[in-house]
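Next, two complexes with chain A in common: one pairs it with chain B, the other with chain C.
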Partner chain A sequence: MSETVESSQKRWGHLRKVLERPGPFCHPEFEPSSEILDFIMTSCKILIIGAGGLGCELLKDLALMGFKQIHVIDMDTIDLSNLNRQFLFRHKDIGSAKAEVAAEFINKRVAGCYVTPHFCKIQDYDEEFYRQFHIVVCGLDSIVARRWINGMLVAMLQYENGVLDQSSVIPMVDGGTEGFKGNARVILPGMSACVECTLDLYPPQVTYPLCTIANTPRLPEHCIEYVKVITWPKENPFNTALDGDDPQHIGWIYEKSMERALHFNIPGVTYRLVQGVVKNIIPAVASTNAIIAGICATEVFKIATSCCVPMNNYMVFNDVDGIYSYTYEAEKKENCLVCSQIPQELPIKDPSLMKLKEIISLLCESVIYQMKSPGITTTIGGKNKTLYISAIKSIEEKTKDNLNKTLTELGLKDGSEIMVADVTSPTTLVIKLKFMNNDVEMN
Partner chain B sequence: MKNCQILSGFFNFLKITNSLCKKMSSPAPKSPEQSVKSKKYDRQLRLWGDHGQKNLENAKICLINATALGTEILKSLVLPGIGLFTIVDGEKICEEDIGSNFFLEVDTLGSSRAQIATQCLLELNPDVRGDYIDETPEHVMSHTQDFFNNFTVVIATALSEKTLIPLSKLLWEANIPLIVCRSIGFLGYIRLQVKEHTVIESHPDSENPDLRLGQPWDALKEHLDQIDVPNLDKKTRSHTPALVILYYFLKKYREEHNGLLPKTRLEKLEIKKMIEESIPSDEHGLNLLEENYKEAIHYVNTAVTPLKIPSNIQEILEDESCVNLTQNSNPFWIMCAALRELVQTDGALPLRGSLPDMASDTNSYVALQQIYQKQAQVHAEIVYRRADQIARNLGLGQDAIIENDVKLFCKHAAELHVMRTSCIADEYEKTNVDLSSYLEDSDSLMFYYIMFRGLERFISEFNAYPGQFDDQVEPDVLKLKGILSKLLNEWGCSHALRDERVHEVCRYGGAELHSVSAVLGGCAAHEVIKLITHQYKPLNNTFICDVISSNTATFCL
Partner chain C sequence: MIKLFSLKQQKKDGEASPRSGNPKKASAAQLRITKDINELNLPKTCTTEFPDPDDLLTFKLIICPDEGFYRTGRFIFSFKVGPNYPHEPPKVKCETQVYHPNIDQQGNVCLNILREDWKPVLTINSIVYGLQYLFLEPNPEDPLNKEAAEVLTNNRRVFEQNVQKAIRGGYVGGIYFERCLK
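Entry: the complex of A and B
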């Protein structure tokens, strides 16, 4: 059976109505025709990132919206706690790769759909892989991964004489949920606000000061955090790193946290709380995931077919008290780290006082950078010089002394460029140092 | 780390605790065995707790019509583990069903939709039971009396007006919640009908702490009075909880103001200033406020308030159901009646008993926390005794009121919620609908509500969706316009619907887009979960979802 025949089947009658008839809310370029369904069935390639709570829903939704060329990428395996919402998985699938089980299920249930699974990290692929897709849709719980793919899609943009070549734009639809709250957005890289443009929307992670957990614990969380960051490394009970998925490990943390809480008279340590704190668990429920994924899938369909104008461009959703949503246009940041063409500058008050480690903590703590473990290199006198890299142990050993050196001591000058690499981006970020204290420069 | 003054002290402390840990490590408390269920449902138990889950597991849900929207709703209920579902659907599976409904298999064309959907949904969760009746809802209603009265919630999709009205009346009488949903093209509609629904745990996004520094009870007063804040040494002072500091300055303020509490913004500013200026400047002339002093200033706004019953709670306490209890009154209202008596004598709700975290040493914080908890227990005990007595006086059984339920009730007394929607049949039979206030804004989604009503009438009159047949789109636009203006006329509305919206709906021709149904299915299932668990506030009562512009709206009709 040829694909042309398939798209004219009665089975797709619902889709054909909105694709083969004109309407007042279509994109101005929309021309109703049977070729559109043909296009999404035969040529349109979609990448779904994540085969978890949102990913399973996205696969189902897109397969039933006519898409057949779907790839899904996820590095995780199936856990018992996924089964309350990740509906393509069964008890027998625990331990198998999410992407593979999900793809197999969809291919079996939706005849003619061909999902290709990738059981790996998004970082394992390069531009060449990502270039094959028409639209990328993300259902991730990790901000780092979201920033990485955003960076990748921006890096793939092509400019001619400073003008964006629109054919190099791969739209990205992104959804996220946390309990009864969620958000969905449409990003046209280089054209509308990207993930980095709106980085301040992500709340900072809750952290407990070390001195509180060590000296003046008051909450059960303080006791658990203490055992996690202090007692575990000290006692190293199983001669291995703490694994939040190992019930023996969690059991040990629970027992030690209970002891500590009893000692301080602090109520409220429960096994569930211990798990939550150790694994940083985000509550999740099938219904909210279904809503956000449905919104995202609809946007993918709109972008691919033009049969309706896409969302512009950010929706927040909350169903704690009734059902509430708000859609607004997130603005592209003029000097965005990632999607603007403007070189980044970092003002330095006094290079003879500013130490390298302070630059690193600035890159981690500032709202606009929010990096995880930046590695920094530069060129001095035409030669590449590694200032600090923590990810590779041998280099960390060799460069850690630089952390306490000032910028002047490191030989950096006003206008020097540092190249910063971090897990949050597939490319290195070039930052030009701007010394505010010109006396030093003259000396 | 910035606030940690003595790092070396910290490391000394570490050594001590480590040696302590080693000594204590032998007879450690055993960690509890986790059940498979609590592991499987872990991510949702964090939202509604084991008691919410128990309600879900006891719930019986009826779905009328296993359309794509219908099965999407059930999916998000089967996954979290409802007890049982029953599908009522007389349709046979057609090709369009297979193209839009995930819970039907390709080779089941022509089979009973109820049967196949039941099978496919049951695969999702072995904890859930399910059955089906492959008859139309009309048939079931006329042949099996009280059939629908056996359910916790009834969900209906693609239901005709003429069936909806009697079903609505029937469930209204039985006080069984009904959710009616429709998905067409990029548009969706959900209507919730419930005669009375009560919520103890609303889970508000933010709420003020319940601290009552202005009205301390004896134990709290005694505790706070004995701390001589100005004469504490610097180290102790920096570890004193904000409440202790605030209480001290509040006492000072009242001495200077005839015993009155600061009420106005200016008065609050005055006490804030007192706190701020009480710390002497350091050798550099800097006045660096410690964390706990900053917190004390922050708490002026929330910890020092006159005792007041929130108006929404007052309303509940004055409700007919609370004032005139009968043998049929449920525990919620009996507890409300007991609460009412406490409020009448104390002029305040029971103390919540929880203390927000604040900079402090462990012992000072824990001591304060225990005082709050104890007082909350005292209040809960009073309410429990009273509620138990009321239940006995009503002739109800000994276990009508459960102590732990009263504790939960008292802890959440400030967030109680009672919801009563209108009856759908009344809405449909009513002729004096005043929608004009909504229609001033031409972008209002209220226009889509009217559209859905027109759509239903179109289906009743012509037995087809507007635009269902390719060659009938234009004539159907005219027909639908006619119906809509007739409807608006009946309601006495002078506004007309924008033509483009009528065209758009006729373009859909009744098409059900899967992804749109997925959105609505999630929304409807979520409201059903709220109804079953009696947690979180449900929708009241009409929800319109416009996926064209990605906007939603809720109307109380």
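Entry: the complex of A and C
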């Protein structure tokens, strides 16, 4: 009850004006009501991935917008160089977990807000953890992590007779910045373009042609990249892989890069630049983070309240020269490896009799699949296992014995997923095995 | 645009999780490499070797060119596909010492699609063809081995002799090359 009282406080008057009155710009199905503010304050659970530059902004924005049940996850600890823009951190916090310090700061500063920190990798949690959230918002600098959470949210979709159950959709709002450029997007997994659909849009890592850095370096970056790619593996100075966080390693690269720069008469190699090139750091601009996070937070608010139609669905922002922004609809890829998959089930009568080669003939002969030469893999106990691939001689030889093994012998269980690649399908199909004779014995 | 949350179905907490305990799912990189490998369409000069058939991310490519300067040799490349494939290209190294303008002594290969011109639509097959082309048309314009490039530009006969010498095993320009005859 205290929340109802709280939501009627003067502090939230501006939100009530938006949520309790209709207006010409509202979502067509919007029904103004005082329950919406209650929903935000009591039930709506948001996950923020990343507590860095964007994450700090997102936490502050969402907490001040009235969201009270916020979780934040980040595996990093605070570094001196974060303090200029990651404003929830102070000098004394250096070395502490970003997620924990950020949560504590917000909990102290914003009355009634309760932020739960998770100091770990997103990969440490499974579906059960992610299912509890209404909306996931990302402020990440890693494409691997984006692809991972995207895959997770798509994997959690439920279909009934091939039709998406919309209550299983967890929207993802994703922000990214790079210097003076940024982007924000709204992903409704299974419904609109996902991260994997638009993989081409993410800028590739800056790389220089190998021959340029080897023979005709012009920039200080060329000299550093040369030492990183060629000299380090050649001389292997510390008998270990290059670690961008090890000052000794950076020092060595710096020295060698200076020598090379001197030789080619190239000015501009500094210790900081070496760090930047080795760790692939793009300078972060606080105001860009603030703008992108503000846009993301607004989208979270629109989705959570339905008061306004969310952005459709990809916005780019650039203030290098004036201010430019453009929003367009990134299209869902028909053959997206991740989100075009409607989980398919393959009923298996008796897994202790059914052999792998019979599954292959089934895939080739069935009217639905009509495959030509399917390659099949699976995961058993979290490990990849190749069941059979005929196209590659060395794999064929090592896996052909599997053809005569039964599914039970291969370690496949009820609910196991097999990955099937074939020229007839633009993607690798994920097919779930459903054992028919198991229901009784299992219980 | 749908309205995602009706306020009635706001409780997600404590909901039974029928799919929990599922084995780890295959990653997008894994799904994509499975497709790439199953559809590898190798030219007749190339073969692959997978030391562990369960690991499709680590393998070797063996090229035995049937024409050009390198037709008598056998060259081995190692491929390592990372978790960010196909956003990032695989790491490819030449494991055979070769006298070639675009390959250095450490096995680094200067092929544009392995670095600056990589795009997610490209496949393992594209790289195989790219590497094969390097042996048919070594490119002295973008050298990694400057000496070899200069010889190729100035005197193709000497270049051809150097290539043969290196393939049979021996010293070229003070560097020892191990024998890699077919």
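In the analysis below, the second predicted complex is superposed on the first by the 307 of 443 C-alpha atoms of A that agree within 3 Å, B and C clash if a C-alpha of one lies under 4 Å from a C-alpha of the other, contacts with A are read in each partner's own complex, and residues count from 1 in each chain.
Basically, a contact is a pair of C-beta atoms (placed from the backbone, for glycine too) under 8 Å apart; a residue touches a chain by one contact, two chains touch by 3 or more.
The model shown is predicted, which means the values in this text are computed figures rather than measured ones.
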item: Touched partner set for A:Val115, first chain B, second chain C, both or neither; value: neither
item: Touched partner set for A:Ser167, first chain B, second chain C, both or neither; value: second
item: Touched partner set for A:Asn215, first chain B, second chain C, both or neither; value: both
item: Partner chain in contact with A:Ile230 - chain B first, chain C second, else both or neither; value: both
item: Contacts of A:Arg147 with chain B and chain C, given as first, second, both or neither; value: second
item: Partner chain(s) touched by A:Cys138 [first = chain B, second = chain C, both, neither]; value: neither
item: Contacts of A:Ala391 with chain B and chain C, given as first, second, both or neither; value: second
item: First, second, both or neither for A:Val309, with chain B first and chain C second; value: both
item: Touching partner for A:Val338 - first (chain B), second (chain C), both, neither; value: second
item: Residues of chain A contacting chain B in one complex and chain C in the other; value: 209-211, 214-215, 230, 234, 309
item: Residues on chain A engaged by chain B in the complex (per definition of touch); value: 9-15, 17-18, 21-25, 57, 60-62, 64-65, 80-81, 83-85, 87, 90-91, 109-111, 179-180, 184, 209-211, 214-219, 230-231, 234-235, 247, 250-252, 254-256, 258-259, 263-267, 271-272, 275-276, 281-291, 293-295, 297-299, 301, 308-309, 311, 315, 319-325, 327
item: Chain A-facing residues of chain C, complex; value: 1-5, 7, 9-13, 15, 17, 19-20, 22-32, 34-35, 37-40, 47-50, 53-56, 83-84, 86-88, 102, 104, 106, 108-110, 112, 114-116, 118-121, 142-144, 146
item: Chain C-touching residues of chain A, taken from the complex the two chains share; value: 27, 29-30, 33, 35-36, 39, 43-45, 126-128, 131-134, 143-144, 147-148, 151, 155-156, 166-167, 169, 171, 188, 191, 196, 199-200, 202, 204-205, 207-212, 214-215, 229-230, 233-234, 303-304, 306, 309-310, 312, 337-338, 373-375, 377, 379-386, 389, 391-395, 398-399, 415-417, 419, 421-423, 427-428, 430
item: Chain A-touching residues of chain B, taken from the complex the two chains share; value: 1, 3-4, 9-10, 13-14, 17-18, 20-21, 24-25, 28-32, 34, 36, 38-47, 68, 72, 75-76, 79-81, 94-96, 98-102, 105-106, 123-126, 185-186, 202-205, 239, 357-362, 365-366, 369-370, 467, 473, 500-501, 503-504, 507-523, 525-527, 529, 536-540, 543, 547-552, 554
